[in-house]
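In what comes next, chain A is part of two complexes: it sits with chain B in the first one and with chain C in the second one.
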Partner chain A sequence: MKQNIFDIYITAAFSLIIPITGRMAFGLVTIVELNILVFFTFGFSYLLNFLDIDDLRTISPMIFMVFLAVFLQCLLKIFFPIVAFSMGFSQYLICFSALAIGTLFPHSEKISFKSQFKSLLSLMLPMSIILFCFFALRDVLGYGTLTLPGPWGIMEIKCFRGFDGIPFFASIPFTFICVGLLAALFDFIRTKVIILHRSTD
Partner chain B sequence: MKNETKKNIIALVFFCVGFLSFIIGIFFMLRVAMSTQNSTIQTVLQESLDKINKNNYIVDKMLPSHLPVFSTSRVFLISVNDEIPGPAYAVVVNATGMAGQVPLIFIQTKAKGLFFAGIYGVNDDFNNLKKYGLSSAMLKTYKNKAATILTEFSEK
Partner chain C sequence: MITSYVFFYYIFCISTCLISGVGLQQTFFFSKNLDKFASTIVTCFFVSTITVIAMWLTAVPLLCPYGLGDLIPIFAFLFVLLLSKILNIFFMSFFSKSITGIALSTIIVLFALSEANSLLVAMCFVLICLISITIIVLLQFVLQNRILITDAPEFLKRTSLLLISTGIIILLLHSWSISWLNLEDLK
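The block that comes next holds the complex of A and B.
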């Protein structure tokens, strides 16, 4: 992965991890919405490409993403109203993250739909797993629960008896520490891989 | 008129009609979503107040907000038994603490003035602010915000 691609990828993931409340219920909503936004916008862009509508190729996917985000927020308000209310403005960050991922994706007419979809999946799958792990970890350590979104708020599943969590693990400073360590780890692995590639060449 | 031009005009008309109906559809969906969300917020607020042992507080109705779609707070008219008669309000403010967003309930009555009632929609630890990353200074800030919101409503 090139340096700038790596940076955008990390920024897109971290822009969701840090501001959104560190509970699994919010994490699940975020992951689902992010994936829907990315994959549907990819489909829409491909359709524009397929129909040879070149003039609208830059602006249309963006407008489509905004409409899709509003539509998803409506659904969220209908099915999980309290979760939608608690998330507040951080719902719009999902759109930003999806847009950032969109810049990573190579749009080309020469590559088939299947291979383009596969490369997008290879971008989104690790990201979804990282996001899920982060939200679940913060929920378990910070609150001692695993939560799911429900129609009347969030449903809590107690993980350990007598353990109510340590507030620091749910806080944003702890997330910053984790994010920093993770970024350093990714960078370390990337450097080692580059060295290994050069030595084999 | 050429056949090609006719086709283009028909396509444009169809595109405009589709786009317009999509916008109208989203608008109606937003209205439905907002009313569903507001009624749920009201129900959960009543439940929260009951759990905080404020059974004498009955949520009457939600007051219309100036920006209902993007607003991160809701104001409710409540009636309070066993107190000096007068208008009483409950304000649900979406606060951002060190652990992320958590909605708070503030109540204003004639007798007690504006005070923090508890954390909204949480099954336990209503007053355990530390758990949700909220300090007393943050609470004061959001109390001021609730006061500002109520002043805006009283000025209307």
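The block that comes next holds the complex of A and C.
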């Protein structure tokens, strides 16, 4: 992965992890919404490519993504009203993170739909797993629970008896430090992989 | 009316950039390269202020009474897009430079509209967001330059130490208030 792509990828991930409340219920909603936005917009962009509509190729996927985000927000308000109310403004951040990931979309007519879809999946799958792990970790350490979104709020599953969590672990400063350590780990692995590739060449 | 206490509270103590995530994504790109930062902030100020005024005077009174307030983000985004395109034509013809910041302007407008209860407060929130982003970008730019001259391993220098330092900055900003006595505040 090139340095600028890696930077966009990391910043898109942590701009979601940091401001959204550190509970697994909100994390699950975020992951589902992000994936829907990214994959549907990718489909829409591919359709524009397929129909040879060149004039709208840059703007219309962005507009489509915002339309879809508002539609998803309405659905969230219907099915999980308290989760939607709690997330508030941060729901729009998902849309703009998806827009940043959108700049990494493989736009080319020469590459087949299948291979474009595969490369997008290879971008989104690790990101979803990282997001899920982060939200679950913050939930367990910060509150001592695992949570799921429900129609009357969030359903809590107690993890350990007698452990109510340490609030600092669910806080934003701790998340910054954690994301920093994760970025260091990724950078370390990336550097090693680059060295390995060069040595084999 | 927004008081000076609230104004500074939103800039420093619960920085809109670090806590609410307004422009957080962009700050990490600008912390490495300040080239387009000033033009982006000035453009965002004009675009966001005009959009907030336009939305408050047209979309809010037209949509909110009928329960269609959820559609405001679409109109705000379309308005920002239109205004940015017009400004882009102007900048390209006079300065031969393109402008950026459509996403940042839209996030600021949506934040201002969701937090404010009057037009003046909404415009204050636009200003608060931009000041908050400017402070964080300048802080991170200085930090990044300091990090680059240290002997730390290369993989720590790129993003990691900057993120950890930002986490510590939030702790310092929070120490300004007595929020340490109330850990619930940090959740």
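The working rule: the second predicted complex is superposed on the first by the 201 of 201 C-alpha atoms of A that agree within 3 Å, B and C clash if a C-alpha of one lies under 4 Å from a C-alpha of the other, contacts with A are read in each partner's own complex, and residues count from 1 in each chain.
Everything below uses one rule, namely that a contact is a pair of C-beta atoms (placed from the backbone, for glycine too) under 8 Å apart; a residue touches a chain by one contact, two chains touch by 3 or more.
Quantities reported herein were computed from a predicted structural model and do not represent experimental measurements.
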### Query
Should A:19 be classified as contacting the first partner (chain B), the second (chain C), both, or neither?
both
### Message
Per the contact definition in the header, classify A:86: touching chain B only (first), chain C only (second), both, or neither.
### Response
first
### Partner contacting more residues of chain A (chain B vs chain C)
C
### Query
Is A:181 in contact with chain B, with chain C, with both, or with neither (first, second, both, neither)?
second
### Query
Counting only touches as set out at the top, which of chain B and chain C does A:74 meet: first, second, both, neither?
both
### Task
Return first, second, both or neither, reflecting whether A:119 touches chain B, chain C, both chains, or no partner chain.
neither
### Query
Where does A:165 make contact in the superposed view: on chain B (first), on chain C (second), on both, or on neither?
first
### Message
Looking at A:60, would you say it contacts chain B, chain C, both, or neither? Reply first, second, both or neither.
### Response
neither
### Query
After superposition on the shared chain, which partner residues are touched by A:142: those of chain B (first), chain C (second), both, or neither?
both
### Query
Once the shared chain is lined up, is A:152 touching chain B (first), chain C (second), both, or neither of them?
first
#### Entry: Intersection of chain A interface sets (partners chain B, chain C)
19-22, 67, 70, 73-74, 77, 88-90, 142, 167, 170-173
### Summary
Given the complex, residues on chain B that touch chain A span 22, 26, 29-30, 32-34, 36-37, 40-41, 43-44, 47, 70, 72, 74, 94, 96, 98-103, 121-123, 130-133
#### Entry: chain C to chain A touching residues, read off their complex
18-21, 24-25, 28-29, 70-71, 73-74, 77-78, 81, 102-103, 106-107, 110-111, 114-115, 154-156, 158-164, 166-168, 170-171, 174, 183-184, 186-187
### Message
Per the contact definition, I'd like the list of chain A residues that touch chain B in the complex.
### Response
19-23, 26, 67, 70-71, 73-75, 77-78, 81-82, 84-90, 142-143, 151-154, 156, 164-165, 167, 170-173
### Message
Touching residues of chain A toward chain C in the complex: what are they?
### Response
7, 10-12, 14-15, 18-22, 59, 62-63, 66-67, 69-70, 73-74, 77, 88-90, 92-93, 96-97, 99-100, 142, 167-168, 170-177, 179-181, 183-184, 187-188, 190-191
